[in-house]
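Notes follow the structure.
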Amino acid sequence: MSKPLLELKNVEAWYGESHVLHGVNMHVSEGEMICILGRNGMGKTTTLRTIMGNLRKRTGEITFAGHDLMTTPLHRVAHTGLGFVPEERGIFATLSVEENLMLPPVVAEGGMPLREIYDLFPNLEERRNSPGTKLSGGEQQMLAMARILRTGARCILLDEPTEGLAPVIIQRIGEVLVALKKRGMTVVLVEQNFRFAAQVADRFYLMDHGQMTAEFPVSELAAQMGMLNRELGV
Amino acid sequence: MTYATPQADGTRVVLSARGLGKDFAGFTAVNNVNIDLHHAQIHALIGPNGAGKTTVFNLLTKFLQPTRGEITLLGQDITNMKPDRVARMGMVRSFQISAVFPHLTVLENLRVALQRPNGLATQFWKSLSSLQTLDPRADELIAELGLSPWRDRRAADLSYGRKRVLEIATTLALDPKVLLLDEPMAGMGREDVAMVADIIRNVAKTRAVLMVEHNLSVVADICHHVTVLQRGEIIAEGDYATVSQDARVRTAYMGVEA
Amino acid sequence: MSHGAAHSAGPDEGVVALHPKAPTIRLVIIGLLILGLIFAPWFAYPVFVMKLMCFALFASAFNLLLGYTGLLSFGHAAFFGGAAYFTAHSAKVWGFTPELALLTGMAGAALIGLVIGMIALRRTGIYFTMITLALSQMFFFFCLQSPFTHGEDGIQSVPRGHLFGVIDLAPTMNMYYFVFAVVMLGLLVIWRFVNSPFGMILKSIRENENRAISLGYSVISYKLGAFVMSAALAGLAGGLKSLVFQSATLTDVSWQMSGEVVLMTLLGGIATLTGPFFGAGIVVTLQNYLATSSFPVTILTGLVFMVCVLIFRRGLIGEFYASKLGQKLGYRTET
Amino acid sequence: EASNGSVKIGILNDQSGVYADFGGKFSYEAARMAAEDFGGKVLGVPVEVVTADHQNKADIASSIARKWYDTEGVDAIMELTSSSVGLAVQALSKEAKKITINTGAATTELTGAQCSPYGFHWAYDTHALATGVGGALVQEGGDSWYFLTADYAFGYSLEEQTSKFVNENGGKVLGSVRHPLATTDYSSFLLQAQASGAKVVGMANAGMDTQNAIKQAAEFGITAAGQKIAALLFTLAEVNGIGLEAAQGLNLVESFYWNRDDESREFGKRFFERTGAMPNMIHAGTYSAVLSYLKAIEAAGTDETEAVAKKLHELPVSDVFARNGKVLPNGRMITDVYLMEVKKPGESDTPWDYYTVKATIPGETAFLSMEASGCTPAN
Amino acid sequence: MTMIFGIPIQAFMGQLLLGLINGSFYALLSLGLAVIFGLLRVINFAHGAQYMLGAFAALLLLQSGGVSYWVALALSPLIVGIVAAFVERTMLARLYKLDHLYGLLFTFGLALVIEGTFRYFFGASGKPYPAPAALTGVVNLGFMVLPIYRGWVVVASLVICLAVWALIEKTRLGATLRAATENPVLVQNFGINVPLLLTLTYALGAGLAAVAGVLAAPVYQVSPLMGTQIIIVVFAVVVVGGMGSIMGAIVTGYLLGIAEGLTKVFYPEASNIVIFVIMAIVLILRPAGLFGKDV
């Protein structure tokens, strides 16, 4: 196996005094889509936030495309080619939809042009001049993803992109993810919606109390169902 | 699974909206929506994200002023009323993003809800202990919704699901005639969903309920009547069985796989 | 004040066990404070303590609004100074007895409060603050030009008169206990107001306005009620001060006075009952002390403001409440 | 003999607010000079001078005054800049039976309706300013007037009193405009004044208001076009503040000028050494007040209030500030005041040499007589 | 002579122009205030003090180094901006995550400190500052005699206001800044150095106040109190314009300057409160202000 694009070695992280990540090991190869599963509060979101550098109190090794993220300043992380779609979506109320969309600076070639984005999410085009948070929940989720696609990030971290969405939208997002993967995009997906994840991911991590307790490719999914049922109650 | 059928016989209409519409700066979020809520029935409002469900709620409860149309509550025209007036008339809503008073305890949250109907709201000369008269009723509701272990905890300390339950409890405390619930089950664990579904079914025996819900099994389970909204307009209506067979609903909302 | 706090509060925030006798201890603390004030004239300068009490009442009235409804008014000088003028005028020109003069001042302040409140409460947050500032500035110019205030000269030599036409308030001790009684009464009203069914609704409005509306509360009326109440009590404090010092002047209506009351409240602790007392004490002492030192008062006041905002955001009493000891005694902090 | 081992004089004024440059800390310096010049002792006990900044707040002034009297053994309070403070402290001192000598406030109320047997008023008042400017300037030929009046009691009374003298001396008031306190831009009012065609534009305001108005008058070429500016309350310190460029040709009244004679020059020099500024009438007045107070104690042989007040009323005032002063029964000290004109930048040869004295107004004319003052001795 | 509202049209024109000049200062100051409020959500109570600092910087540069007006016009905003940046970095920045009221209270204290310090060292009455030689003198416009310097003030303020408006609204900078106020961490995650941006913004706002200060120096007395007097009025201007609206602040600044100017003719006693009266009326009719979005 070639050197992974994103690699975490023995990463620990804290929120103030509370120790949340207890030695996370994880690797993602270029063009791969992995999914982190786990019950509420196990540290999935925290893992993504730690990669992005939002938690400053952290130890271990995080490398991405040859960059040592442990020493990269917060505002430089994106320039290494990482895109982040946070759990709470992070749509800006004081910005119009289009301004939201145009906000993140383009960090590399190969981002999706605006036209394509609007074709993918027609709702956004229609509402492009209204304030970002006046969109419905689902529309906001689309906006949050669309925003990152524009920047040319090589790898995107998605935190529960399907939460609160209508089935039809979930399906659309699934299609988008598959399309992205075809273009060589690397995706780290955090999902509660197991059924959705199963359709798109190549490989799975199971997270429990701040550690990765299991790892298996999609091909072993059927074999792991029993374990997952126990762990996640799906 | 029980598919409750709407009673075709003349049940009482408590809330009726005619030709409801709302424009936001040139954008039409809701258009020509007609809704009738019947006494003792659960009515579901479903539709894709951004279809206008929350907006319809805001219009009905007067948190937003409709651009078009009129609303009648219990025979009275409320089209130009203030939201607190409407609430006092007996139509109470919950919010999509959970709405509790975070720094008050569960009990206090319920007391606040009970104060007004019991005429204990404007008395600035009375002591707080005068509110203890509300406790029996509050405790009754707390017990009914399984919140007893958290009675004296601050609402902020509850889990998301519990907060939703608490919100429903405060809503019920007002003993409303019409209940509007915006995604009451969102973010709840399995057992909670079942419990809340039971509660809703129960309270609906004596009042009208309108709820927005993405959880279709719940809709199928407890709702007598379903209205499907898309792009601000009604595309289908009827009981769940009918609606879920509708081709437009299947493509617009459920996706083909559903 | 900050709603953001609600979300950061984790489920098992370090809860300190309550001291078994906490309520009694709290009562004892309050009792000691009251006793201290009763005997204060024997070891402190009475006029100074009277001034302190007037400002403490003013700050408490202000706190009623800021601490319990989350509204920061930057125009409370209008009520304080306005009432000072009304009280002084009615006592001096109309010959009202002190209690009637005070009531006149209060009523006047309440009326101004009603007008300002009706306009300012249409907005919230910082907008509300700016509007109260601007409106009180209008009132300042009104006072400057209106003949009855005597402009720069102010109303001077205001008679303290006879309480109920009987007790002569000219002797310092009589005045002292009158002020003491009125301030205690004022604080009691505030305490009752905050801890009443009405106060409960105010609190819930501060926590979640939309939810309160959906429960059928007419939010604007409640806010207005609190605003007028706060204005009236600030007026009581202002009127009282004009009797103590026997004068009413423009300083009491200026926007700097509005700033001072914010400082007192902040310094003592927002949303605490005794905080404003300590805040007022510190500010008044500083002003008096610095008057005879060569250090400019404004600079120090400004520094205190900055340090307070940057470091002791909870204020003196607020920090105490939030400390282990405070928690043991069962004090609750809101912010 | 002195009651408690020392004679203590308090200088209470604004040292950090808008009037800080008026008297300010330098008044304290002037008072100390007087105490030293007197010999540092009276009746065998030391003379002490204390000071406090009332921050322009009447209540702070009142509390300090009470505290001084009650706990710190202060015998008399002086300076007391600003009307509200002056009136408040005088009223309080009347009750406390203590002497106040006001040198900083302008209002005639102090020796009028609100007069006190223990209250004295030195240096100047609105009446003196009004006669000085109004009367004397009309006689100089400035017979048509237009007023820029600050829109509050102080401004009205200045305008009203000045108008009276203008009219009495055969002049005419063509109009006036009332501007709000603390206006920054006066161009609009100045244009109106200019349009009126009046020969004199009278500034019935004070402090920053006057400074800005005068500066802008220069900017709009009002003086250059031939109109005269008369400031009704303006002192040397403020002329120094706006500079001769803007102030040239300005008419104003002070009851003291350091460059008047050798004695005043010598005093000015000593004052300058201590403060870095030449004294204005408030500083010199405060000096005179302290000196007179100490002389009165000496003459009375006690520092007991009644006796000292009696002596203060009786004794003539003769020092560097007032050469022929006397005190009326209402506490008003009357002395000559001077109508000044501010020199052009080229005419001034020594630093702080700003004025030419254009007229001397005798004390009897400058100040209200006892009868006219409205003070009833029983009061 | 043609009359308008009972006064000659000439005089009326003159007053209109004077109002516009006055409005230039309002516009510049409220612009700075709106920039800081709109982007940092801080009510900058120290704005008046920064305006005063700008004027004093020019004065001190002149007195100590003989620095000319034109150089001071560039240098003193820079100095004030740097000082402001320092304050923002070390203190103000720590308050962003709290309720906005704390920013207001902090800058209120800051204003007291700055003004108190200057009053302590320079006295209350201040010093004059000469207009630059090139701009002294007057021009006769026919309807009035206009000091050339005042004409310059109008031109300079218009140019600066438009430039700043364009910088913020016509570039992506504005959107980025607004986003950064809402969720700084996320914006950093997008690769933008937010703390630096906020510091620069505060410095820009303070620098604008300083520019106004330098422009005002030759017109008004350079005094420690000059800021206190004007700042409350400017607050009202910003509220009327719609808080946070950049264009609103500019336009309202000029409009209210004119309104005030005309009041000085027709009802001078009210000229100081006319802005507050207008504010009250506007707020009753349009709570969000003339240009504000309903928040």
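Things to note:
Read from first to last, the chains carry the letters A, B, C, D and E; within each, the first residue is number 1.
Keep in mind that, in the parts below, contacts are C-beta pairs under 8 Å (C-beta built on N, C-alpha and C of every residue); 3 or more make two chains touch, one makes a residue touch a chain.
Not measured: the values here are computed from a predicted model.
Chains that count as touching both subunit B and subunit C, per the definition above, do not exist in this structure.
Each of A-B and C-D has its own count of C-beta contacts, and the greater count is at C-D.
If each chain is reduced to the centroid of its CA atoms, subunit A and subunit E end up 45 Å from each other. For the pair subunit D and subunit E, the distance between mean C-alpha positions equals 36 Å. Note: centroid distance subunit C to subunit E, computed from Cα atoms, is 32 Å.
Between the CA-based centres of subunit B and subunit E the separation comes to 49 Å, rounded to the whole angstrom. Across the assembly, subunit E contributes residues 116, 119-120, 269, 272-273 that each touch 2 or more other chains. Chain pairs that touch one another are A-B, A-E, B-C, C-D, C-E, D-E.
Looking at the complex, you find that subunit D touches subunit C at residues 15-16, 50-60, 62-64, 66-67, 70-71, 82-84, 87-88, 91-92, 107, 109, 114, 151-154, 180-181.
Per the touch definition, subunit E reaches subunit A in the complex via residues 172, 175-176, 178-179, 181-183, 185-194. Looking at the complex, you find that subunit A touches subunit E at residues 52-54, 73-79, 84, 86, 90, 92-95, 99-100, 102-105, 107, 151.
Against subunit E, the residues of subunit D that register as touching in their complex are 16-21, 24, 151, 177-185, 187-189, 191-192, 195, 207-208, 211-212, 215-216, 219-221, 237-238, 241-243, 245-246.
Put simply, subunit A touches subunit B in their complex at residues 123, 126-127, 130, 134-139, 141, 164-171, 233.
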